[in-house]
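What follows is a structure written as structure tokens; I'll ask about it next.
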């Protein structure tokens, strides 16, 4: 931690600041400049967290030196985290593709979609049973019936299932049916939910909040990991900006930044990021070229009748065509598809 | 709902769109332009919600005409919603001020703060027992002990208590101790939590999400109201922008916009919005001048030792000075303090 | 300047960094931590500007300690800057109100508007002769004819004139007619234009760029001041965010932040910030309560026929009503109107 | 244009609105709903531009149906615009790469860089002679000497030259030396400058403003094209968001959106977008996979001593390695490099 003092700080104030810091077991170093004095604090920076440094008279700025997350940080792991899932592995040598409808609408449509995406190369099935909807008047999912349909389709197709959990009270029920629990963007900072899924031995797909910095995103992952569950998959799904041509703005540079800062796998959701099916294939290609570990893509047999997010869903035939091209990009990226 | 078609749309496509819409019981009107055709849909617009219009061939844009919220809309209520609370009333002729520490740290500090803010004119006490913290390593509140302390201090001071609920499983416990349940910014789109507090007969203080539009904010209120609880207090607390001089950017124009669009009371949290105690008084004055119904302000007897958000907390004496000036502004605004 | 090194930095790298810094005449202090080493640089920080510190091996972060602007900084001036203008003074004991139409449309409408706003208490007249328009097909002002009309209306009404200059080649012509040269939001970082108006002895009204931080805003003012022209008026006019209910988001907390950081006067443009005439009065009141030195407000005798920005223009009678109330708020704020 | 009226609009108000619109030669169609009435306006929408519709009593919302730009719109051109440049062509079958230092620092460094990037496959040389800098105390370029050096290096290497013009008064001088005139992000809405370069017969590289929507970006291109110069290259260079891990947020989905909406070539600047050399290669690959027509990349022989933007500059050897991999991605994208 580096403390920068106010112009005109007094010696008494500097002494007071140092005492406060040293009382916590850290050492301090002074750099006196012409206008400001800098106090470097050496030791366990975490201990300073409870000290409201900016409230101490004379303090003007505080710059942390340590990263605030630990378990998620690249420097604290020997190697990339790999998560085996069905017949594939997330975080390793392949581009792992999850596909399926936004919402589970029924057995027939889900099974048909699952077979189609599996045959095109998808390794897991997505589908929402509990759907967070901006309006209370929108369709919000089939709930437990949706979970049972997902389970049944997994049996029939062999595809592991990814589905969202929205409430701490649903965690057990969802975990009974799902292979991967998804935490949606709106719940990225629902700390009780993060803590609850952290107690499971089941991978967690954590979506970045709509206006979360990457630092906050990694801290949310840290919440899960702190409970003992280290199988966290980070998912960039677009951030909120002023641009309205797309539903959100896909932050593609989050991929290399996260790959530098963490050992966790990073995937992209181009469907929610763009909101338009016509933009999804090119964003899939770009994501793989940027170095992501996987994709989660919305596919619906009849987007025209989808109960949610039709406009951003690919038809199965378009998904298959996209996967073909994606295989070529994956190869250049040094990965299998 | 207004549907704008693609350039070069065919007659068959237009017919198909009209059939889809009319099958739901609405009527359609055509306006054929040189390049595009516009289809006006008249009737119960809500029914169109389940139809993914943008996925129907030929459709280029869709513009809703009805507001998506109903119970929260000004046009659906005869008068402003007024919420009696302790010896005051929120949404009526007074500027209602809630004040207190960010976190409940102990009985002594809370009672002292409560007495100080009450004597300065605050009508309710704030204090967090459950604290959402960006880092899992930060202090996250005294939990149930904190709730008991709040209850006890209410007994001793007569001030009604506002405190945050973060988890559906906490709702009953918090409701047993609090007069107003606060939903934090991070949980504004935690729909299960909104639904759960909607079932209570207790006012809800709903904070605007960090990147929520006012439309989404009102839809979140609608979630609560749809369950039967119409006592929702809207709280603007700053939105996330590129500016870093303040913790968030206080969207002061949200006050008159919300007052035009809804009958619910609107209050401001200048402490979280700015993050700096020195900016809080001027933002309190501005909020009242902008027409808000109340304020929620952080006050701590020793910001230097606060377990959370010290830098944005006013000392009791600064709060009292602010309240004095605020009374003058309230009078010009035609309100009592 | 504080330099934070990479985890695992070598002694040779640290020596290399120190040599680079010391070669520029600064001294360095080391704070060795468990993971990272911090190098404090003491001396003329400005000299480090040309050294791309982040490119030197081993450097991970760089934190400047000095503010990058000088002439604009509060600490470099003894008192607030006051700018006499017509019969009033900007930056002193009054709330200085500039009002008038978005564009100069003709002599008759301008004179009528000028008389109306003057009688209601405005101290200066605004009106665009050169108009920056998003579309090349929109009305872009009467150019030199507009300037002549402004001059003539000043003669007839005694109101000093504020008008925008968009091009370095227009500076002399605009300066020949205007009392204050306005730099629009789109040109806040048009450095050649800033330099050119910096050579004049004429106040400059500098609008904050749509996505400019306050630091960048003050650096833009510094460009003008560096040429010798210290009469810079800072104008907050809303920043670009995700919210669409208002044209821009008025950053009201910019007022107290700027008042802390600079001695220059700060005014607010509520018309461009909100885009809706119905929101303008409450934002005027809030701005004064927040501590601003003045306002610039759009007024048009017939908003329905305005060539630009009609929806955000007040009618003269609404402006007069607003000014009455504003006088009351100004009094509470300790200022005259 | 579609006009939505206020709830409770009167017949007289509707008649008044229709008269206003019809007076401009358009026809109107009414759709009366239960709550609101919709007025479709058919005819030359552009004529409505001068009518401040939102100021007419009874009008609540206005939705344009036509795109506001014409010459830039895909529907107004038969084919993609191709711009021949040196030995290559921008907008056609190759990925066109421009590379070079941020600033021209001298003959020797520029020639060396030019030879290196040319040998690695770049088709044009970039280098700033006039540099827009946030601080007036930063190095702002060699000006005319820089232009002469660029010219000379073009002679020696055969590479066409791209360089920025910041001021209408510089246009002729820059055009005398440059093959492509660059308009920087800060000047994207400097309409006088756009108009001035629109009068030349020389390609213009137009950078997207930091907070410009794609609609505004295309309108800026329209300014240039309206003067007769249709050789506009659109350059996405990152937009301003709340994220601070990167200098800006690269809006990669702008590539497919622009390719849908315009016939102009689209290139990416990954150096300014990210601000970190380590992120540049992956963003180059992603951009090509997303379908861009080219790249503009900063390369410096010694980033450690660069006068500007060292941290985001690739070393020549890193650039060459990136280009090798990029050739593979280009092939998958169906393009040559």
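All chains are identified by letter, namely A, B, C and D, in their written order; residue positions are counted from 1 within each chain.
Everything below uses one rule, namely that a contact is a pair of C-beta atoms (placed from the backbone, for glycine too) under 8 Å apart; a residue touches a chain by one contact, two chains touch by 3 or more.
Computed from a predicted structure; not experimentally measured.
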Where subunit A and subunit B overlap in contact partners, by chain label: C, D
Between the pairs B-C and B-D, the one where more C-beta pairs touch: B-C
Inter-chain centre distance, subunit B versus subunit C - centres from mean C-alpha coordinates, in Å: 31
Interchain centroid distance [CA atoms averaged], subunit B/subunit D, Å: 39
Sequence positions of subunit B contacting 2 or more other chains: 211, 240-242, 244
Subunit D residues within the subunit B interface of the complex: 2, 4, 7, 29-36, 38, 40, 42-43, 61, 63, 65-66, 75, 240-242, 244
Complex contacts: residues of subunit B adjacent to subunit C: 211, 213-215, 239, 241-246, 249-257, 260, 273-274, 278-279, 282-283, 285-291, 325, 328-329, 332-333
Subunit C - residues contacting subunit D, complex: 46, 49-50, 52, 54-57, 68-69, 132-140, 166-170, 186-187, 189-193, 210-211, 216, 219, 222-223, 226, 240, 277, 303-311, 313
